[in-house]
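Two complexes are shown next, each including subunit A; its partner changes from subunit B in the first to subunit C in the second.
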Partner chain A sequence: MFETISNFVAAFLTLSIFSFLYKDNPFYKFAEALLVGVSMGYAIPLVYENVFLPYVYSPIFLSHKFIIIIPALLGSLYMFRFSKNLGWLARYPIVFGLSIVGMSVPMSIHSSVLVQMRSAMLPIDGINTALIFIGTITILLYFFFSKAHKGIYGKVTNVGIWFMMIGFGASFGYTVMARVSLLIGRIQFLLGDWLGLVK
Partner chain B sequence: MNKNVIKFFDKIQNIDRRYIYIVVAFSIIIPLLIPFNSPTYVTKPTSDIYKKIDSFAGDKTKAILMSFTHDASTMPELFPMEVSVLRHCFERDIKVFMICWLPAAAPLVDYAINTAKEDFDVQAGVDYCNFGYKPWVLRLPIMLGMGDDVAKAVKTDSQGRKVENLEIMKNIKNYDDLNLVIDFAASSSAIQWITYARARFGANIAAGVTAVMVADNYPYLHTGQLMGMFRGLKGAAEYEKMVDVFAAYESEDHPNGRPFSKEIIKETSVPITGDTVPYKYKKARIGMNAQSVAHIMMIFFILLGNIGYFITRKKEL
Partner chain C sequence: MKRQIPLIIIITMGFMFVAHSFIPHKVSADFFDWFQDWVKAVSPFAVSLGIMSLFMVHGTKIKRKVPNWQYSVITLSGLIFTALAGFIWGTHVGTPYMWLFENVQMPMSATMFALLAFYIASAAYKAFRARSAEATVLLIAAVIVMLGQVPLGAMISKWIPEASTWILNVPNLAAKRAIMIGVGLGITATSLKILLGIERTYLGGGD
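Showing the complex of A and B:
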């Protein structure tokens, strides 16, 4: 019984969102606002239970680790973003957060720069590695703006543009596939879970 | 050029986009209502993940970790992957852990477990363990901490039980044992695992991503930092087929599944029509039928639009 009701509600909200394809309407606006509200309403108690209680309340009040008060106070400075006069206080937790990001710099350089460079320097032993070699060189040359893109140099950078266009095309193709997949998921729900036409 | 042809293309150029929506909708609805057996070709990035997970079969000293970094909006692509991986683990007696980083992902983990486990005799804390929701801001201490001691980094599971006391934790200490992390995401969050768990501890990382994110993750797959990748609904369909062909296979010689073989996967086709395979285990493959028809339709529209553009431009010149 509960499943039937929940399926009806989900189907109504799905169709309300799809109705935007015809034109903007109150059903669409209602479903959109409800999504935002429910997401927030769901997240707040979950964060309270999974973050505030185990990482702030329990250590301070149950385990008496009073040192936790310092990061808790630092974190609460975020709330001053809503104040015009004291908004600057919110910068302190942001600064602290950014300093933590610095910790990941060496490991990020390793995985996102050094390993990628090493892979690009492998011997050309097939059509794929040859294409990667030509693509990397011509695209890097395209982004070298200290020389005018004219003559032979211009032709080489044009090859880079072609490589980028093919890359954008592949990326766009995947995007279309993803969007169609989402539509398939919703229609599978409507036809299967709701109407019971697909089993 | 024939006047009627030019008139037709003029009309097509200015067609109301809502007609196109209707055609796309039908191109998806019809294949879903009338499924057909189209071939599913398995690609290397997907089969590499299968082989890695399968190598842990029956080994109580190894486990995999499934990381959920998405909400319900990307379920159509990612959920079939998750269910298939769980089914594989349950079929082959492989320890599996789950963690999620978004509040909205927490119910999805439960939903995936409940969908897969109803066909198996598995127990929470023994065969699988859900670490539950952990805030994304704590990813750094958790991902790094798991390199030393998983039980200390995570502390409690989704039910609030101490992880160190769970039976599943026997022989599981760090990434040497939790030897494969699969990140299911609609973002580049797998890069976080690569940065912290792989660069520092050498953990094996794989990604299950929505098709939109595939291009972003390819450089990491190419360099071997991702040992495999599920690419959108297609990746999910490939894995569903592999689980059917190998992990769920039963015969006298192989009562609990059979090992992966390139030849067998090439030659075997699993019918998705009929009741041989439950609907929940072939959802992605049925979806790929609709995907194929929708793609053909779109290619047709793109060609038609371009032909129309060139013809009408010629007329203007």
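Showing the complex of A and C:
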């Protein structure tokens, strides 16, 4: 009985969201509003249990590491973000967390640029490695806007566009497959778990 | 001074982090451990900012009785009820909190993403109608990759899974690599702008 009620609730909410395919309607708006609230409500106890208790409460009250009171007070300054007069206080926790960008300079250069460049500079021993090399160079040239994309340079950058379109197509195909997989999951739930038509 | 002191903090600490990346010394490692402990203690309070923001936005809608304000009541009720369920009965399997996750949150979010399957199909049709060579190449690549992932592709032709693998491993790799290099340079440039105090939008408006 309990499982039937649970399935009915899940099915009603699933159909409420699918009703948007017809047009925007009160059932969809209801489900959308509920999703926002429940998602936020779901995150609060998780953050409390997995972040606040182990990293704020336990160090201060159980391990007596009273120095942690300072970052806790720093974090509480976030609350002033909406104050007209004291809103500037919220800048302190923001800049404290954002200072990690210092590490992202060497890290992004290493992982996203140098490692990728090293992988692109392998010996060209076949048609595929040649195509990968040409594709990488032409796309990078396409994103170089200091020179007008005209003449031979324009033709070269055009090759880059074609490579990018194939890449976007592959990503598009993967995204469609992921979404269709979710759709199949919901239809299986409606026809199987809820209505019992599919075993 | 309300802007200068935060700027001094981020520039000083930012360059200390740059140094930390290059200096594998105990002092440097201790500095990073200290930062991690402190930033973890700061971060849960950022969630309270999100909660406050949600309450302010929807509270104002309810107070002013703007059109469709009733949905704001549902949002806030859902938030309060789910959070209370987690605090009162715990977050383990079998509690009302997990029931809400399994029968309310999860089905709705999965359906929301499943809806995109229809809109993606509609976008593909619009791209096909554009009749440009680039859009056609994109669609052909997408169709081959899609068919290559399901048994239907191999049933149509044994070349489709192979073509799909080739697209993913050759032109797609070149595109992803070039975009990755561009993104890496973008992250570096933005990080440097923050470090040097050129980018200041994160400080917000006001004095």
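Everything that follows uses one rule, which is that the second predicted complex is superposed on the first by the 194 of 199 C-alpha atoms of A that agree within 3 Å, B and C clash if a C-alpha of one lies under 4 Å from a C-alpha of the other, contacts with A are read in each partner's own complex, and residues count from 1 in each chain.
Basically, a residue touches a chain if its C-beta (ideal position, glycine included) is under 8 Å from a C-beta of that chain, and two chains touch if they have at least 3 such contacts.
Predicted model, so just to flag it, every value in this text is computed and none were measured.
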Quick one: classify A:A33 as touching subunit B (first), subunit C (second), both or neither.
second
Could you tell me if A:L46 is touching subunit B, subunit C, both of them or neither one (first, second, both, neither)?
both
Can A:L182 be said to touch subunit B (first), subunit C (second), both, or neither?
both
Subunit B versus subunit C as contact partner of A:S108, first or second or both or neither
both
Which chain, subunit B or subunit C, ends up touching more residues of subunit A in the combined arrangement?
C
By the touch definition at the top of the document, which applies to A:A72: first (subunit B), second (subunit C), both, or neither?
second
By the touch definition at the top of the document, which applies to A:I100: first (subunit B), second (subunit C), both, or neither?
both
Which of subunit B and subunit C A:S63 touches, first, second, both or neither:
neither
Once the structures are superposed on A, label A:L13 by its partner contacts, choosing first (subunit B), second (subunit C), both or neither.
second
So in the superposed three-chain picture, is A:G192 touching just subunit B, just subunit C, both, or none of them (first/second/both/neither)?
first
Of the residues on subunit A, which ones does subunit B touch that subunit C also touches?
21, 39, 42-43, 46-47, 51, 55, 100, 103-104, 107-108, 111-112, 116, 119, 167, 170-171, 174-178, 180, 182-183, 185-186
Can you tell me which positions in subunit C touch subunit A when the two form their complex?
2-3, 6-7, 9-10, 13-18, 20-22, 35, 37-54, 56, 68, 71-72, 74-83, 85-87, 91, 97, 99-105, 107-118, 120-121, 124, 134-135, 137-146, 149-150, 166-185, 187-188, 190-192, 194-195, 202-204, 206-207
Flag every residue of subunit A that touches subunit B in the complex, lowest number first.
21-22, 39, 42-43, 46-47, 50-51, 54-55, 100, 103-104, 107-108, 110-112, 115-116, 118-119, 167, 170-171, 174-178, 180-188, 191-192, 197-199
The residues of subunit B that touch subunit A in their complex are 18, 21, 24-25, 28-29, 32-33, 73-77, 103-104, 106, 132-135, 138, 140, 155-156, 191, 194-196, 198-200, 210-212, 214-215, 219-220, 222-225, 231-234, 279, 283, 286-287, 290-291, 294-295, 298
Mind listing the subunit A positions that touch subunit C in their complex?
6-7, 9-11, 13-14, 17-18, 20-21, 29-49, 51-52, 55-56, 59, 68, 70-72, 74-76, 78-79, 81-82, 87-88, 90-109, 111-113, 116-117, 119-120, 128, 131-137, 139-140, 143, 160-180, 182-183, 185-186, 189
